[in-house]
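Common to both upcoming complexes is chain A, partnered first by chain B, then by chain C.
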Partner chain A sequence: MKPILKHMIKTLFRMILLLIGVSILTFILVISSPIDPIDAYLGAETNVSQEQRDNVAEHWGLNKSPVERYLTWVTNLLHGDMGMSITYQMPVMQILITRFLASLTLMSVAWLLSGVLGFILGVLSGAMEGSAFDKGVKIFCFVLSSTPSFWIGLLLLMLFSVQLGWFPIGFSVPIGKLSSEVTFLERVHHLILPAFTLSITGISNMVLHTRQKIIDVLNTDYVLFAKARGENKWTIIKRHGLRNIAFPAITLQFASFSELFGGSVLAENIFSYPGLGSALSAAGRKGDLPLLLGIALCSAIFVFVGNLIANLLYGIFNPQIREGGESR
Partner chain B sequence: MKFVKFQHTSNLRKKTVLLTSIIILLLLIIAIAGIVINPELYEPNYESKKLVPSFTHPFGTDYLGRDMFYRSIKGLSTSILIGMLAATVSAFMALFLGLLAASVGGWVDQVVSYFVDLFMGVPHMVLLMLISFMLGGGLKGVVVGIALTHWPNLTRVIRSEVMEVRNAHYVLASRKFGASKIQVAIRHIVPHVMPQFIIGLILLFPHAILHEAGLTFLGFGLPVDAPAMGIILSEALKNIATGMWWLAFFPGAMLVIVVMLFDKLGEHVKLLLDPSSAQE
Partner chain C sequence: MLKKIRLLMILLIVTISLVTGCAGNEGKNIIKDSLTISIGSEIVDGNYNPCNGYGTYGYDLFHTSLLKINTDLMIECDLATDYQVSDDGMIYTFTIRDDVKFSDGHRLRPEDVVFTYNTAKNSGSSVDLTMMEKAEVIDANKVQFTLHKPYSPFTRTVALLGIVPEHAYKEAYPSNPIGTGPFKVKQLDIGQQLIVEPNEYYYGNQSQFKQITFLSIDEETALAAAKSGQLDLVMVNPEYAKETVKGMNMQAIKTSDNRGFNLPCIPETVNAAGEIVGNNVTSDPAVRKALNIGISRREIIDHALNGIGTPSWGRFDGMPWANKEPGFRDGQVEEAKALLEEAGWVDTDGDGIREKNGLKCEFRVTGRTDDLQRYNLAVALSESAKALGINIIPEAHDWETCKQIVRNVPTCIGTGDYSFIDVYNAFHSSYVGVDVVSLSNSAMYSNPKVDGYLDAMIAATSENEAIELCKKAQYDGDTGANVDFPYIWIVNIDHTYFVRDGLDLGIQRIHPHGHGAPVIQNITTWTFTDR
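And now, the complex of A and B:
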């Protein structure tokens, strides 16, 4: 048990160091933008005197050095205060929580969909290597990996929402309804197209990875021996294949959080889904610095959690680390 | 059976060279056509608004009467050029950092690895939007953004390639003859990583093009009046309720084809430069 613990602590430490770096990076990027935060805050009210502007600057600590500003921001952040969003006129924290939950629903559905579908397709095509089905799946994946997900979303929207009218054009709930009145089915109805669009991003990676792994397993000596014992192909895959490939596949899926989030920014914008992604582009357009900073950090934490889980799983499932040998 | 197959594919290399040349030619034609194209061809023509695809307008026309075929060509050309520029900058960054990390080693290596992890720790799309936002959008924002987000993967590849030959006999011998670290790096190590570098560079193009289109689509990339792929598709989204399906379908399909061509190009160049990868 001890080596696992050591591995976990090491991973955790590295990840925390990384998180600090990400917060510094986003902070530098956001504060060096040409948009003046005071202008952005005051908006159209131009009859504000220089003195008042200086007051605001002093109140926000804009006249201090970047290092001090960063430290102030971090201290406030640790107290749960991330400032006010100009776009939504609400505390950033509140926006992040509600929007992140909406995004999380969308992303987890897409994540599961792409993982399960990709895994099944990968196992089938790997088991039938060289068949017409395998070739079809390979071409499908090749085309899919070159296709921008927002174009797929656009086409789906045109076909199913505009032409056929099966699905709503956007938003996560029907317009003009109170959130307490919205039924579960209505939510699902609004989720299907965005989730499907988003799952497209991850699926081809998953299929190709699983397919290659299955082929590798089927070429090993222990599979040859199992064949000699008289086991048929699907039993072999069930007994020797799935065990070997399921965990790397799960790890891979956790490590893909970065692309998942990136894809959700595009998918949410197409379907006007009120999640973090659409808030991000709204914040960018309005120069809403606190919200931008909050979302960037939120996305980094999201990716960080995915990588952390992937790393920990890797440690748990990899006997070399589990039993104390140095990996790599 | 295997022997027969071997006989049959003995001139595979020639075929690969031929295919590679065809792909390069196709991409060049699109890129150059976009540059030399007469701008009048995709200018608004109010007499032919909202036309369905036909022989005179293969991709139809939009609500301003602009011919979508020529607009797509122009957009693709812009995308290819921007993608290539940004990917090249990014690849050279990766080459430099990878070489630096592996040949100096020690704390330099750790710093580079830390930055690799750092830039991979924020989703590309978010980082792209932030960088583009910081630079005030436009062409500069897109190119710098893509260049700054795409180097980490290739840096890792090049770093591990250099690690492989760092202690090879010919490198050690050269050091013993008094060559400096920089001389060794340029004379012996760069030629060794060149194949991986070129493959990595070409495989960066499709990513760069897709990210450029995505960023512009969201409104953080090229200006709205530029005939870029992202602009064309975001206009199609705005007018989605009008049912003009050809506005989104054809330009997007062209984009997919160009990205696929780049992907294939990378694959073929990989086969040519690194023949052992053909067995994979």
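And now, the complex of A and C:
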């Protein structure tokens, strides 16, 4: 069998194992949580009779044993049916599709923002090590990485949306407007603050990492040689620096997929953005097992793909790894 | 290189300002014929199916029911022109109006009513029709319900179940309801906003607004949203009620949403499952009465709820079935102390806590962790009870645990919806057995006379009769729950909103249990008065 095919099959196998593991773990966690989905669904103190509560439990299959429930879920999943969400009263698949697309737009913008901006700032800061600019950037990054992203989100909201009125207070479309009349620019306008809030988590990581790498590169022998040849600093960075730090930066970027997902929960809640993050927090509060499992699988695949791409790119960028693999 | 970067930055800034400029003003000028409202996220979830529980708290925008609950909380006819109850209380017959159309122009038929009830009964949702055996059309314009057993609160169940059209009930019904109510869906962005417009076929009072937009805003950001000036009504947590927002005023609306603690009325014992039920301290009637008259509810509200709330004297304050007799005042510290002394509770060791036969006058109470208010109330109650020599130990636990131990450790409970079945659930001794696991009658209170009234209440054939019996169960001049004090009720929560100046919310029916959403129950009567 060709090595590439073998590699692909191995990867697929690993992904399936991962999904199984994640689903079992999620299942166990939700089952052992103190949230009673019937209470969460009906409201804890309504005057609904015990008889009706039993009806609800039976209707949603909540009165069977955990093992039975898990196996039912897996069997349905293999038939393409991810179950019904008790929170939204809709099929889980439908919820995942619509919300994933919305989240994807948000996350890609935030990801690009944190990657590009982070990289630029990191390079500049590393090149001008010790300067006031560098010190400023370092402080900025340390502060950012120590503050919770939802707090920053709230601050941004209060400043830009409430005080200055430059940006909307949330949502992905303007208030009260029919979707047929919403323009592309308006959608972008609504995306900016949430994307910015979401990118905050990833940016400082990227900046500091890139900055350190540039400093390391500038201290190597070949750069010393280049300086001796009379190259100026920026040419050195362009010729020798960028290529060397490109792949650690890219690996870092792709590995930050998982943080994106976690951060999106908070950012989406602050800005009432209808993505997977807000669905996740609603599902968590109601102990909505099918939806939680669906989102857990979704995010596991997402992160896995991110890391996989990072691995592949690493191979492409770094000839050593590529050739090392072939010689085996 | 640097020049290129600088150019890039400038380009970026220019693009951003272009985008913000182009997107323009977003409804900063509120036109008087449309409203923008935020009352929580549930209304934007896209689940508007009454058969699945939408509207069971009385504020269905799209449907109406056979009966309705008026501003005095009494039953009136709506889609039905009148109704009869058989002498044994098991058969209810409603005559249906023949001049009503759904929002798609189709006529409402009695068959739609039967369809609605049968669908709701089997939906596995919060609609409780377990008492109904069958529903059928008779005489071409009447619907007859046969119950398994007499159940006088059935009128309340009927008033809170909207009617859906059989011909239009498909998979996508929840997000696209077709009803006989005042509004229909213009546009729904699930999780974000719901835009509604008036239903031209509605037979009742038409709203003066051409369009109403409901937004889903996170509770913490609601205040920021209010300050942005883009909303006409924002529900906020009572903690923020003391803030000011330009162009808006704060309104606190009374509710029947109460908070109090159950006080187990039987001494501690172990049940068949090995759980401890009953409480040796609260089982003494003197302790229960002393607590009720000795604490200061106003003080507790000031400390735990920022002063927002109305003192509560009974479980049903504000409802037509509340009995205010014999009534009592609180803050009577000396009288409470005298009561306890007389009952044998004396502080012999000078630690501030009374004892009786070696038992300290102290007990734990719980507040559920997912509602900070309840724990705050537990702490404030404990502070207030100290003056009486009673030591209440507040604890915070998750709701599952609170429920599990509620018959031994009192918890902060809240009730208050539009059905008087609550009176039965509060006091009937059928819930008292030591092996019973239920929130109903968690005080394990039993009084044969009260049971008698409650049984008669369930079998009553008219609301007025049922309500009279509810009142007797509370106090019939001689005995009753109002003098046995199985609970201590502290406060009726106020629902707080920021309302645009000039927006008149009409006469608000007292809000039931639940967050601030019920404010829209009379939205067709809201108007903008001239500013």
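Here, the second predicted complex is superposed on the first by the 257 of 328 C-alpha atoms of A that agree within 3 Å, B and C clash if a C-alpha of one lies under 4 Å from a C-alpha of the other, contacts with A are read in each partner's own complex, and residues count from 1 in each chain.
Simple rule for what comes next: a residue touches a chain if its C-beta (ideal position, glycine included) is under 8 Å from a C-beta of that chain, and two chains touch if they have at least 3 such contacts.
All figures in this text were calculated on a predicted structure; none of them were measured in a lab.
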| item | value |
| --- | --- |
| Partner chain in contact with A:Ile270 - chain B first, chain C second, else both or neither | both |
| First (chain B), second (chain C), both or neither touched by A:Ile16 | neither |
| Which superposed partner A:Leu112 touches (first chain B, second chain C, both, neither) | neither |
| Touched partner set for A:Val162, first chain B, second chain C, both or neither | both |
| First, second, both or neither for A:Leu29, with chain B first and chain C second | first |
| Which superposed partner A:Phe142 touches (first chain B, second chain C, both, neither) | first |
| Which of chain B and chain C A:Leu154 touches, first, second, both or neither | both |
| More chain A residues in contact [chain B versus chain C] | C |
| Contacts of A:Val56 with chain B and chain C, given as first, second, both or neither | second |
| Chain B and chain C footprints on chain A, overlapping residues | 34, 154, 157-158, 162, 169, 269-270 |
| Touching residues on chain A, where the partner in the complex is chain C | 34-36, 39, 41-52, 55-56, 58-60, 87-90, 98-99, 120, 124, 154, 157-158, 161-162, 165-176, 178-179, 185-186, 188-189, 192, 234, 237-238, 269-274, 278-279, 282 |
| Chain A contact footprint on chain B (complex, rising order) | 114, 117-118, 120-127, 129-131, 133-134, 136, 206, 210, 213-214, 217-220, 233, 236-237, 240-241, 243, 245, 248-249, 252, 255-256, 259-260, 263 |
| Chain C to chain A touching residues, read off their complex | 1-2, 5, 16, 19-20, 22-23, 26-28, 34, 36, 41, 45-47, 49, 52-53, 123-131, 174, 186-187, 189-193, 195, 211, 213, 215-218, 220-221, 224-225, 227-228, 230, 398-401, 413-415, 417, 419, 421-422, 425, 438-439, 513-514 |
| Residues of chain A that touch chain B when the two form their complex | 14, 17-19, 21-22, 25-26, 29-30, 32-34, 142-143, 145-148, 150-151, 154-155, 157-158, 162-163, 169, 258-259, 261-263, 265-266, 269-270, 280-281, 284-285, 287, 292, 295-296, 299-300, 302-304, 307 |
